[in-house]
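Letters A, B and C name the chains as they come in the text, with residue numbers starting at 1 for each one.
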């Protein structure tokens, strides 16, 4: 054990004046104070996969917006060359109706992305409304609403979708309706659980403050907390919608020609797989990239918003 | 436990009723009739056919007839392939789909869990990255696209596997792989995060404090707890395998129930559509029930709602 | 002359993190003899848990780094031991009791098996049956009723107090010479707390085990400890017997701890002295005495140079410039002095 060291250097006596603590210093938080969203953003940017996904999304969306405007061909224009492999003039080749694949892929991007985003948006609206009403009402209303949700979950999703499409005739709107018809349940559950947890806190506060603050609390607490879960759920619904859309298109239940989504293009590409594989490969690659990108971003958001900080 | 099963059965019956009724009414609303797509039939014959299938009765009579026959599992005859009873079609093609489905599920679970464990144990090192990439590929590429690519590159070009049909074990490999890979990816992700979560828990630390080695700890402690969430995925897995079969059976020309379902939709073959839908729905609903019971058996902490232990 | 079971010399442990290198333990020294209980006291972030985990080399090596020092167990330094050799020490020579019995037990494994696992791993018996017998004996020893039946129980079927007894049984299974208890009673009700402490004292008396008891609760310290080490910001700032610390504390932080304890005998009007501020950032530990900025009695030199350990008596040391011969004599703060008076009176009343 270290003890009094006789060789201790002589220390000047005024070093032993009592000066007291520096309490202002210690009250400052040792780390820079960052706002909630900035912290979330920081954590998100640490996730390499999520960043890659984000970049891919920007590129794809950018191309989807720009290319059909700028391209010299339109998506249903006959360019005279049938089933040619990718070349300098036609970067993605041409199909059996002599249409330029490149512009068709990006036109298809618009449609597939539109379908995915709209279906997710509808799920969002219905889900949030349903979850809020169920959570805020509580009691029997809540019970009934969640029972309905349970039964809908039990029903096999794709069976319903396929049958609906058979009934409603094909087309863009029926497709979107069919896609959103059972997807909202997940969103509703999450919103409801957030509402319930906020409600419990709210009562405690409400007993101490005036009731008028209730809406304020909802705005200040419910929205930011639930927002995270809602955004994550939406981001993960979109790739599922795109996946299902391409699946349905393959079954012949997708959008009608000459409109083409990636799914219908993949479906047509299948038929020419042995002779013109690029007709399947390009839509397939972009479907996969988009699904991956949304999943990566969604996962990244979920990890970034997780209050249980790991590391 | 019995109380719980009983409650669930009631739910199943309600759900089945809704599905059956919904299917019926949707079929009623659907434009076109099974006979319309064929070449022009003389009006008299069409009338006769309609009468035979009861299609000219008012809807409520048809509904009653339908409910009655469904209860007795009489799904009637196929409207397209006259003389073939729906039940026969199902009985013939279902076993094939079962074989395909089971193989796909085993593949998905085996591959998925393996990848997940590797990822977790070599966290942030090379095996983790490789496994994660494979899992991502599985999730991102839709099964039918994967099927097409596998068929093109491995069967058509390389000739390693037969292109289509269902005549032996080698015929089953590509189709089950195509269905399984997507789910293997999800299972891998689930297993990985579950393993990582369990590895940080106190009982794992205690196991090491007892002097147990790294691998002993994983196999005797971490794994059992980490695999619990995977069991809950079994329900969606089965649903996914069934829907996967719809397309994969088409691509690989496998005479399974999925393919018949799809064809019956295109043909507007109502009896087969309804019969198959009811059949699939029953299977799925019972599968979810079995999984829930299984979960409670495996995890000693779970008490089923409404059950007494 | 009692045997020295453990000697820790100048232990330094760092952690590499994204934000920088955290110096969690900065030169810790202490000793422990056979049959003795050492209490390590401190607030969260003081380094007490890291120290105890380090004693069994349970710190994950990235990001943790054993930067310096020795841990001499029965005279042999265990830091250079390989993982395989360490596995023979863990559970066998040194065992650990965790804070939360709810999460310390594997929820899907029967508790009996969790005990026999230790016994079989360290080959204390030769057959499974013998292991089972011994496990049942242990369950009985830690005070669990119907041990033969409980052998097959799952953790969630037991109450919190029972679970902690099982955790203790697991720790004792291989007859360790040193028990490290990391806040074992924090998660329990006060009455159960008392039972567990009594149990541990009993065990110590019977098997002459040495115990390191980590806690932030001075009441527990008074109950169970022979010696006390007060930790702050990764260092031991005061070290002595339990009497030294409670009747003659020398470090301002110890004064703060004593003064901030709620006491039933306190005058209700008396203000509870809280220590203002929070512990320093250990990525860049402050120059000089780490406690200086929260110390109302800080000297000018406290902000410049780190104080050495000053000897108060053969058993009592404190790391504060106030003990330098040239330093002003600061009397004990009133509230602390009154507490100490109270303790002494109580001790006299109890005939100690």
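One rule holds in what follows: a contact is a pair of C-beta atoms (placed from the backbone, for glycine too) under 8 Å apart; a residue touches a chain by one contact, two chains touch by 3 or more.
Predicted model only: the values in this text are computed from it and were never measured.
A.B. asks: Which chain has its C-alpha centroid at the greatest distance from the C-alpha centroid of chain B?
C.D. replies: The chain lying farthest from chain B is C.
A.B. asks: In terms of CA centres, which chain lies closest to the overall middle?
C.D. replies: Of all chains shown, the one whose C-alpha centre lies nearest the global C-alpha mean is A.
A.B. asks: From the mean C-alpha coordinate of chain A to that of chain C, what's the distance rounded to whole Å?
C.D. replies: 47
A.B. asks: Using mean C-alpha positions as chain centres, tell me how far chain A is from chain B in Å, no decimals.
C.D. replies: A distance of 25 Å separates the two centres.
A.B. asks: Between chain B and chain C, what is the separation of their C-alpha centroids in Å?
C.D. replies: Result: the chain centres lie 55 Å from each other.
A.B. asks: Multi-chain contacts in chain A: which residues touch at least two other chains?
C.D. replies: none
A.B. asks: Which positions in chain B are in touch with at least two other chains?
C.D. replies: Residues: none.
A.B. asks: Indicate the residues of chain C shared as contacts by at least two other chains.
C.D. replies: In chain C, no residue touches two or more other chains.
A.B. asks: Given the complex with chain B, which residues does chain A contribute to the contact?
C.D. replies: Interface residues on the chain A side: 49, 150-151, 154-160, 162-164, 166-167, 169, 239, 243, 246-247, 250-252, 266, 270, 273-274, 277, 280, 284, 287-289, 291-292, 295-296.
A.B. asks: If you look only at chain C, which of its residues touch chain A in the complex?
C.D. replies: 17-19, 29, 239, 276-278, 280-281, 292-305, 308-311, 317, 321, 324, 326-328, 330
A.B. asks: Chain C touches which residues of chain B in the complex?
C.D. replies: By the definition above, chain B touches chain C via 201-203, 205-213, 220-221, 224-225, 228, 298-301.
A.B. asks: Under the definition above, what is the set of chain C residues touching chain B in their complex?
C.D. replies: 56, 58, 87-92, 95-96, 98, 100, 103-109, 117-118, 121-122, 154, 156, 167, 170, 174
A.B. asks: Could you please specify the touching residues of chain A with respect to chain C in the complex?
C.D. replies: For chain A paired with chain C, touching residues are 1-5, 8, 11, 13-23, 25-27, 30-31, 311.
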